[in-house]
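One chain, subunit A, links the two complexes that follow: it is found with subunit B in the first and with subunit C in the second.
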Partner chain A sequence: MSEFDVIVVGAGPAGSSAAIKLASEKMNVLLVDRADPPGSKNISGGVLWGNDLEKIVPNWNKMAPVERYITSKGVGFLTKDSSIDVNIKSRKFLQGVTGYSVLRVKFDQFLAKRAESAGAMLVSGVTVENLAFKDGKVIGVVQEGDTITADTVILAEGANPRVAIDSGARRPIADQDVAIGIKEVVKLPEATINERFGLTSKEGFAGEYALGFLEDGVEAGGFLYTNRESISLGVVINMGHLRADDKTYSFDIMDQFTDHPSIASLIENGKLSEYSAHLVVEGGYNSFPKQYGNGYMIVGDAAGLSFSNGLMIQGMNYAIASGILAAETAIEAKKSSDFSEKSLSRYKEKLMESFVAKDAYNFKGIEEVTWGKLAHKIMPSLMEDVLVNMFLTDGTPKKHLTELIRKAMKENNVKSSDLLMEGYKMIRRM
Partner chain B sequence: MKVEEKLSLLNYKTDPEYAHITIKPPICAVCPDHFCTFACPAKCYTLLNGKLNFKYEDCVECGTCFVACAHGSVTWTNPKGAHGVKYKFG
Partner chain C sequence: MALELVVITKIVPDGSEVFIDPVNLTLNRSLATNVINPADENALELALQVKARYGGRITVLSMTPPFAIPYLEECVGRGADRAILLSDKAVAGSDTYPTSLAIAAAIKHIGKVDIVFAGEKTSDSSTGHVGPGVAEFLDAELASYVSSVEYDDGYVIATREFEEGTEVVRIPTPAVVTVLTNSNNPRKASLRRKIDAIRQGVIVWDLKEVGLPPDAVGLRNSPTIVKRMIPFPRRDRKGEKITTDNIAKLVDVFEQNKLIKGGE
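The block that comes next holds the complex of A and B.
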């Protein structure tokens, strides 16, 4: 007889969602996090889309400590001297709005407490060292030499899943699985943020940027979103490119982003309040690790469940959705008293039927585009040349647009065939 | 602002008795790339007169170095319960 039906390792959105679902179905759950308070090691790089959270915490957006709801989205291409931005602000975003900016220390604590009030045992400030095995099956976790037993263990450790890797439950992380995320939180008065982004107090902006100004072969993306009284912004750096370059420092890319004129003006006179870093799961469909086995399931970032199509980054909602699906599987496994790999393979089936895997499948190979020359180098420099020349008034006669494009392509050494090829790849993948 | 100054804004509960990351100096001594020094966002890895210097106290626990080191020098474990970096915002 196990001490718990389920032990959940990690109280981020994935783990806490699993625990909420399990506890609300009267399962005996232990939710353990190595941070105290839970969530105080977690950071976010984007917007929380709350459709799935709604299923386990109805009206969560009325109760949870959210910052702003996202009414304005932006995509920007930054070159050394210019920025070409597309900003979309639409009343249509307000219909059934589910996207919120959140600060994770507060938010994750809220979710963990929800799990506790649903009946889970919440233990924070305790590091799980390893999984406990018996006859090739996971029977619990090991902490300071003691084994705590459970029928099922759900690993929700995040992007750097030590227990999952060290116990052999998942394969180690490779260059192509992750990017290096660096983020800063800059304090600014609420009124200043509203003014700079054209927002009312509850409305928020979320933008993503291609950092076309980076020299050499390094490609990185930037993100920026508004909290109530601060701006979160950061960079996501391709690990393989940084390695191949071997002369660019990750933290310098962060400075180059915040120093870019069009970003600097958004955070001007702000006070840096926090610097943080986090691996960003980048792998996608083609590199999902094994997500379940005898007596265990892996959810959220730890299971490679994150997604970016270059316009939208999704992580927290996949974490929540996968946590709920793992919880459902654990509940079914208990009903049949079967916690074998075969029984828990239902989790994988549920994932494959869900939007999580479908998004990943539909956009598989997207990394070819999001980490491609077109998005990071060709498009930014071409658009800069064309648009700047179009609007620059220097007393010479205006040129026709096609002439400007041809000239820009020549100056940027872009062949029509390259542009077609890269453009085709982009359209196919997106 | 330098990385060192940015890190000074953070709260840590440093564990003086347990280094959660360790390196194998003989491997680093002959390392051809020292990619860790470029990758680590917290500048925990630096070269001093050509010799790799590592300090775990400034670590923000991102896990970058474990992926970055292709030579098997980095051993990465979680800090003991409640130790390490403690963010205010996230």
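The block that comes next holds the complex of A and C.
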């Protein structure tokens, strides 16, 4: 007999969601996190898109520590001197569910505590070292020489899953699987934020930025969103680039982003309160590792189930959804007393039927576009030239739009065939 | 003969997250996460070392509201044998005098105790009164600012540390030692021990259990009156880098900030 039905390693959104689901179905579950309190080391902000939590925590948005409801979305193309922004503010955002900005330290603690009050045993401040095996099957976890047994282990360790990799439960991370995320939290009075973004106190803004202007052609995307009394902003930098060129420093890139005039004005006079760096999973469908085996399942970032592509990061929603699906699978496995790979392969099927894999599949290869030149460089420079020239008054007669475009293409060294090619790719991927 | 060891601990707000409310002049701890008082982690570690060497039982004792339970479980997870929470509405508002009195009463209730380990001071109000106060009420010997302890047949040999040097004292048990912050490397809890600690739970006592009347403690029996608190204005650091090849500039900056006096 195992000591627990399920041991969940990691109390991020994926692990805590799994534990909440398991405990509320009377499963005997242990939730372990290396941080104390859980979540205190998790990168401190994010927009939680979608409404998956509703399934396991009804009315979560009224109880959880959320910052603002996203009512305004932006995409910005930044060039050296200009920014071309598309902002969408829609009453329709109030009817469906967009997302909430959350501060992770508070939010993750809320979820972990929910798991505990649902009946899970929560142990924080302990790092799980390894999986325990017997006859090729995972039978629990190892920590300081002790084996703690469980019928099923759910690995929810996040983007750098040491236990999963070191124990051979998943393949190692490749460069193209991950990017580096840098994030700052800048404190500002609530009223200032409302004023700068045209919001009321409960409304929030979330924006993504193409950063084609960066020195040495570094590939990176920027993001910015509003919390109640702070702004979270940061960059996601392609790992390949950082590896290839050791003169590129991630903090330099962050500085170039925050110093850009249109970003600097949004955070002006704010006080930097947190600065952190973290791996971002960006692999997508093509780089999903195997996510289950004899006696174990992998969820959330650890399973490559995040989605980031130089223009946006989504991961918490997939983490939560995958945690719930793994929990359902573990509950079914217990009913049939079968914890074999075959039994747990139901998890993979559930994933494939869900939006988690469908999103990843539908946007398969989108990184080619979003990391690509068109989004980051060509379009922004073209738009800048065309639009700025349209509005600049320099005494000469106004030119016709097509003429402006042609001139801009020439100046930016863009061939029509390139534009067509890149445009085609973009439409196909999206 | 197994030693009966007690570690007293207070759960304090994480120092970096506490600020003085400019309006009420009280400490605003609402945004802070809590931690085991840092010096008490060293006190517990020292007790664990003493237990490992001489054998015995460690009881962790805290007088706080029940929010402290997970922290007491953490102490058991690190190797203490059990934890007692002394929790009673009547102690609210107690200053160090009734606090020491109530803790001493709980220790007496445990029975014959050989060594009580306290932290030298807390990180939130830092009076350093409670260790010595408990010694007084227990009529026990005291060694303060201790970095290490040996036991020898009814005596505690404690090394005390000061800026000027160290002093080794030999005092009879029962003894109270107050342990220096950072004097050792506190171990971490293991998963096995922590699971066991959570299952074992924490023993909860109230004042009645330890034989103390409610009117012996609380605000009314606290001689300290906080007249006012003076917040220091926060100064933002400017953070300018001056390298050694610009000594003149460095001297200028020091002078401007009145850190050194200018010469002719």
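To be clear about the criterion, the second predicted complex is superposed on the first by the 417 of 430 C-alpha atoms of A that agree within 3 Å, B and C clash if a C-alpha of one lies under 4 Å from a C-alpha of the other, contacts with A are read in each partner's own complex, and residues count from 1 in each chain.
Simple rule for what comes next: a contact is a pair of C-beta atoms (placed from the backbone, for glycine too) under 8 Å apart; a residue touches a chain by one contact, two chains touch by 3 or more.
From a predicted model like this one, the values you see are computed outputs, not experimental measurements.
After alignment on the shared subunit A, the placement of subunit B and subunit C results in a side-by-side fit free of clashes. Across the overlaid complexes, the C-alpha centre of subunit A sees subunit B and subunit C at an angle of 50°, to the nearest 10.
When the two complexes are overlaid on their common chain A, residue A:Ser40 makes contact with subunit B and with subunit C alike.
By the touch criterion defined above, A:Ile148 lies against subunit C but remains apart from subunit B after alignment on the C-alpha atoms of chain A.
In the overlay built on the shared chain, the residue A:Ser276 is in contact with subunit B alone; subunit C does not reach it. When both complexes are overlaid on chain A, the residue A:Gly125 reaches subunit B and subunit C alike. In the superposition on chain A, the chain among subunit B and subunit C reaching more residues of subunit A is B.
Of all C-alpha pairs linking subunit B and subunit C after the chain A fit, the shortest spans 6 Å.
In the superposition on chain A, the residues of subunit A contacted by subunit B and by subunit C overlap at 36, 40, 124-126. Contact residues on subunit C toward subunit A in their complex (touch as defined above): 33, 70, 74, 77, 188-192, 194-195, 198. Listed in rising order, the residues of subunit B touching subunit A in the complex are 1, 3, 6-7, 9-10, 33, 35, 37-43, 60-64, 66-68, 70, 76-82, 84-90.
Residues of subunit A touching subunit C in their complex: 30, 32, 36-37, 40, 121, 123-126, 128, 141, 143-144, 146, 148. For subunit A in complex with subunit B, the touching residues are 34-36, 39-44, 103-108, 124-127, 129, 159-160, 162-163, 166, 173-175, 177-178, 180-182, 184-185, 230, 232, 239, 242-243, 245-251, 254, 272-279.
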